[in-house]
Amino acid sequence: MSDELSEVPAASEFTSDEMMTVAASRSLHDGAVCFVGIGLPSTAANLARRTHAPGLVLIYESGTLGTKPQRLPLSIGDGVLAETADSVVGVPEIFNYWLQPGRVDVGFLGGAQVDRYGNINTTVIGDDYDSPEVRLPGAGGAPEIATSCGEVLIVMRHSPRAFVSDVDFITSVGHGRDGGARAELGLPGRGPVKVITDLGVLQPDERTNELTLTDLAPGVEVERVRAATGWPLRVAEELGAQQPPTDRELRILRELKATLGNGESS
Amino acid sequence: MSDELSEVPAASEFTSDEMMTVAASRSLHDGAVCFVGIGLPSTAANLARRTHAPGLVLIYESGTLGTKPQRLPLSIGDGVLAETADSVVGVPEIFNYWLQPGRVDVGFLGGAQVDRYGNINTTVIGDDYDSPEVRLPGAGGAPEIATSCGEVLIVMRHSPRAFVSDVDFITSVGHGRDGGARAELGLPGRGPVKVITDLGVLQPDERTNELTLTDLAPGVEVERVRAATGWPLRVAEELGAQQPPTDRELRILRELKATLGNGESS
Amino acid sequence: MARILQLDTAVAELVNDGDTVAMEGFTHLIPMTAGHEIIRAGRRNLTLCRMTPDLIYDQLIGAGCARKLVFSWGGNPGVGSLHRFRDAIQNSWPVPLEIEEHSHAGMANRYVAGASGLPFAVLRGYAGTDLPAHTDTISTVRCPFTGEELAAVAALNPDVGVIHAQRADRAGNVQFWGITGVQKETVLASARSLVTVEELVDELPAQPGAVVLPSWAVTAVAEVPGGSHPSYAQGYSERDNTYYQDWDAISRDRERFRQWLDTEIHGSERSPR
Amino acid sequence: MARILQLDTAVAELVNDGDTVAMEGFTHLIPMTAGHEIIRAGRRNLTLCRMTPDLIYDQLIGAGCARKLVFSWGGNPGVGSLHRFRDAIQNSWPVPLEIEEHSHAGMANRYVAGASGLPFAVLRGYAGTDLPAHTDTISTVRCPFTGEELAAVAALNPDVGVIHAQRADRAGNVQFWGITGVQKETVLASARSLVTVEELVDELPAQPGAVVLPSWAVTAVAEVPGGSHPSYAQGYSERDNTYYQDWDAISRDRERFRQWLDTEIHGSERSPR
């Protein structure tokens, strides 16, 4: 990865979403086993496999182990995932034999809300579960990804509506309501180690597990991040700066995104 | 099956083991799903499939569903079982998805000892489990075959050592120590409905579940069966006589047995 | 032995008002056409079970077939929200929709328990989440050896399981491959089952990665080419992504959705697949 | 990633005195040669786990490698008894042998729990039998939804799992087919694993019915053609039934067994396979 970063920074323009994807990609070390969802995580993982982490093992929850798609899948049911996998197993097996025992190093999560302790809500907005303001898609694989993976990367766009002091509903536990849940519950994984946003990176404080700003995206000021965060955001003593995407990263990322053909038909 | 039995009885000589195999075969109705072990049950089931029950579904505990071997398998691991199966599944699946929920109509069991209530011992001879007179092979699939199949056929050679008043160890439950275990335990299957021996057939008494002589093999007298049984054997009011093997049954049985080539080598 | 039936006959026979119905296919081999047939048959008060409700249940819910949804993730995969599902939960339109909500791991294990003839399954699940407080088919169980407390989920045993497969032979043996999801468990957990297939063949060729369900474990098979459109049927058809994207606009609006129902489900003229 | 090793190196590295070792292969793909290597390496005080101990464990037990056997059926399949197994239990020869006895369903579920990272598994098993009274890894658990009592078995998590497979590629991905037994569960339940294979190939061809274990889930692979002799390796070799029959006479007699050990295991000259 250091090779990658020592390349000359991009002269090219890039979007904040591209920066976010590249930052997520760089967080994946070669040889890691990674549980991937569709969208940005899938793009980031496939970018990593084409750049610094050719030995990254991709698992999609649809049951494909070690898949190596030539193009980005349209959904986790995409045939390209099965065709290029080392092994395809049933959905009960992917959760019971592969995720649950801790064989996965890194899981990606996102959501409608994340709170200061890295808890995620993808269930309901509003206080009343039975009569929600907004009904969200629900849990999917996330609750067990959150507890069973060696570590979790959260990727979400920064906004005060999304970065809230307390989530309305804990769909997937980060560090719990008071920051100490993982030890209390005896969870095997480390939980969220990084929240990668379009404005930078937050990481749990070593002592309190409260999410703290550790890195700024290129061109972003601390105040802008604070304004986009729904709790009084702490800033790390040594605040880092994200390296912009390299030309190579940008080129490969854009090539990848271009494989997401639109309107394929049966 | 009535067609089969209405054939002219065999003029040929036959052994008591052949009679036993043919009797077991005739107990399998067409279309039944049958859990088969190696040895006599496998021979009987394959004989049935070639005579009166072409639609018999054979399951071997090694994971082969609907297997149709051209020859008798040497063991449950025989490749012929996998090659001719509708589906091959893992051993956990065969027990959990196929046997346990009651999808199997008929199971075959045998053992070193059977007692008056159809309980079977394949574990130890002697009163002391930890220091047995004879250590037997153990349970295998039998305990769950005994409880989960719709009904159980027991096939064993008759002798006072094998047909005992109380088994030394219950490996597979028939009707329990007092004949009433199945209702007490809430077991789904009917348990042993027939014990087929070289001397005839025993069936549980409708009221007490005690094994009672219901059919005699050709040429066998009641006293001979009583002498070979380790408890005071009751005899059914209407004692039946087994039809000897037909010529066709004998021919097919012997052809089948001849497929058990000896000394195959890698 | 499975009977080979026409789809409409099979749905008429196997799916009754008030039934618990599981239609599975994990983003691949989704039994969409069977879903349309259930709408056309006018079934009501169904309890619909499915890990990923997807467009198939958005349509059934919007058409008023369901009184309850048992699920783990309700979205339009790769596109966004399911608007009929949301409208039913948030606004009880067209009828109120009760929900029973799990995680994928929990739902998968509920089917496993159902297929295994067990009343519950054990998993490391739901830890630290607010789901158990709202879902009474989630509980806990203590390991009799270690004393550890684990999550337990109640078995799911639908009245009818419906899946789509690539092939069946004329005896009713069913074969499907690629991403095989929880379809085997769904059929085995259900009291009755209906399998729609891309094609009926004389013999099932050996196929790497294939799951085979023997005929005697299936109730009915119906030949429905394109029966998973617009989802995938590996080896037969790709996802029709435009359909998924177009659904977003159709389903956002009750009136457009009603028109869609009239034209595509109840109308005599249907869009070509 | 699995390392490709010589068999003797792999056994020396992975199998230690006192380890709990599971060597599986349900009457097919039995890792016989790996067993011989463990005898040759002189391992002692092993806890040997296997559903069907078979000739492989009769040999290890007779050679004095085991202090305990965890099993569900100990016979010479299709032939008769395992005489070294009997002699060890009945007469403590050559050393006492503790046993932990299950049914097949129980053992299979113990591996499933082990592979799943759960401390126990639930099944409908052992009802009405005398086994639970003698085996403390059998217990009961109550369904939190229905109140029903079911059997529970403790997870089995060996130190080392050893299996034989048809093929692996040079990256260490393993492929086996035909009767696949509990081998996947054995490898996944074990802290370390060794897979002997008929052949190493450049690429694994797609194969109907095959189980593939990814390299990163396996510790070591050794190329051992004929490594399951005298059991089967579908597509490579048939069962050598004469060996099974001859074993009856060899194993009945301690002296003949000792000679067999000297000649076939420790001797420089070995019978051709």
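Which chain is which? They are A, B, C and D, in the order written, and residues in each are numbered from 1.
As a convention for this text, a residue touches a chain if its C-beta (ideal position, glycine included) is under 8 Å from a C-beta of that chain, and two chains touch if they have at least 3 such contacts.
Source: prediction; values computed, not measured.
Q: Starting at chain A, find the fewest moves between touching chains needed to arrive at chain C.
A: Each step joins two touching chains, and the minimum needed here is 1.
Q: Based on the averaged CA atom positions, which chain is farthest from chain B?
A: Between chain B and every other chain, the largest centroid distance is to A.
Q: Count the touching C-beta pairs: is B-C or B-D ahead?
A: So, comparing the two chain pairs, more contacts are at B-D.
Q: Between chain A and chain D, tell me the centre distance in angstrom, where each centre is the average of that chain's C-alpha atoms.
A: 41
Q: For chain B versus chain D, what separation do you get between their C-alpha means, in angstrom?
A: So the centroids are 28 Å from each other.
Q: Of all residues in chain D, which are in touch with two or more distinct other chains?
A: 117-118, 123-124, 184-185, 209, 211
Q: Which positions in chain A touch two or more other chains at once?
A: In chain A, the residues touching two or more other chains are 96, 100.
Q: Go ahead and list every pair of chains that touch.
A: A-C, A-D, B-C, B-D, C-D
Q: Applying the document's contact rule, which stretches of chain C touch chain A when the two form their complex?
A: 26-28, 51-52, 71-75, 77-78, 81-82, 85-86, 89-90, 101-105, 108-109, 111-112, 123-131, 134, 178-182, 184-185, 209, 211, 226, 229-232, 234, 237-242, 245, 273
Q: Please name which positions on chain C make contact with chain D in the complex.
A: 117-124, 137, 139-146, 148, 150, 152, 154, 206-210
Q: Under the definition above, what is the set of chain D residues touching chain A in their complex?
A: 1, 115-118, 173, 184-185, 188, 211-214, 216-217
Q: Quick one: in the complex, what on chain A touches chain D?
A: 31, 33, 55, 57, 65-66, 86-87, 96-97, 100-103
Q: Note which residues of chain B are touching chain D in the complex, please.
A: 38-39, 61-64, 74-79, 81-83, 88, 90-92, 95-96, 99-100, 119, 123, 129, 131-135, 137-144, 146-148, 169-173, 176, 181-182, 185, 187, 261-266
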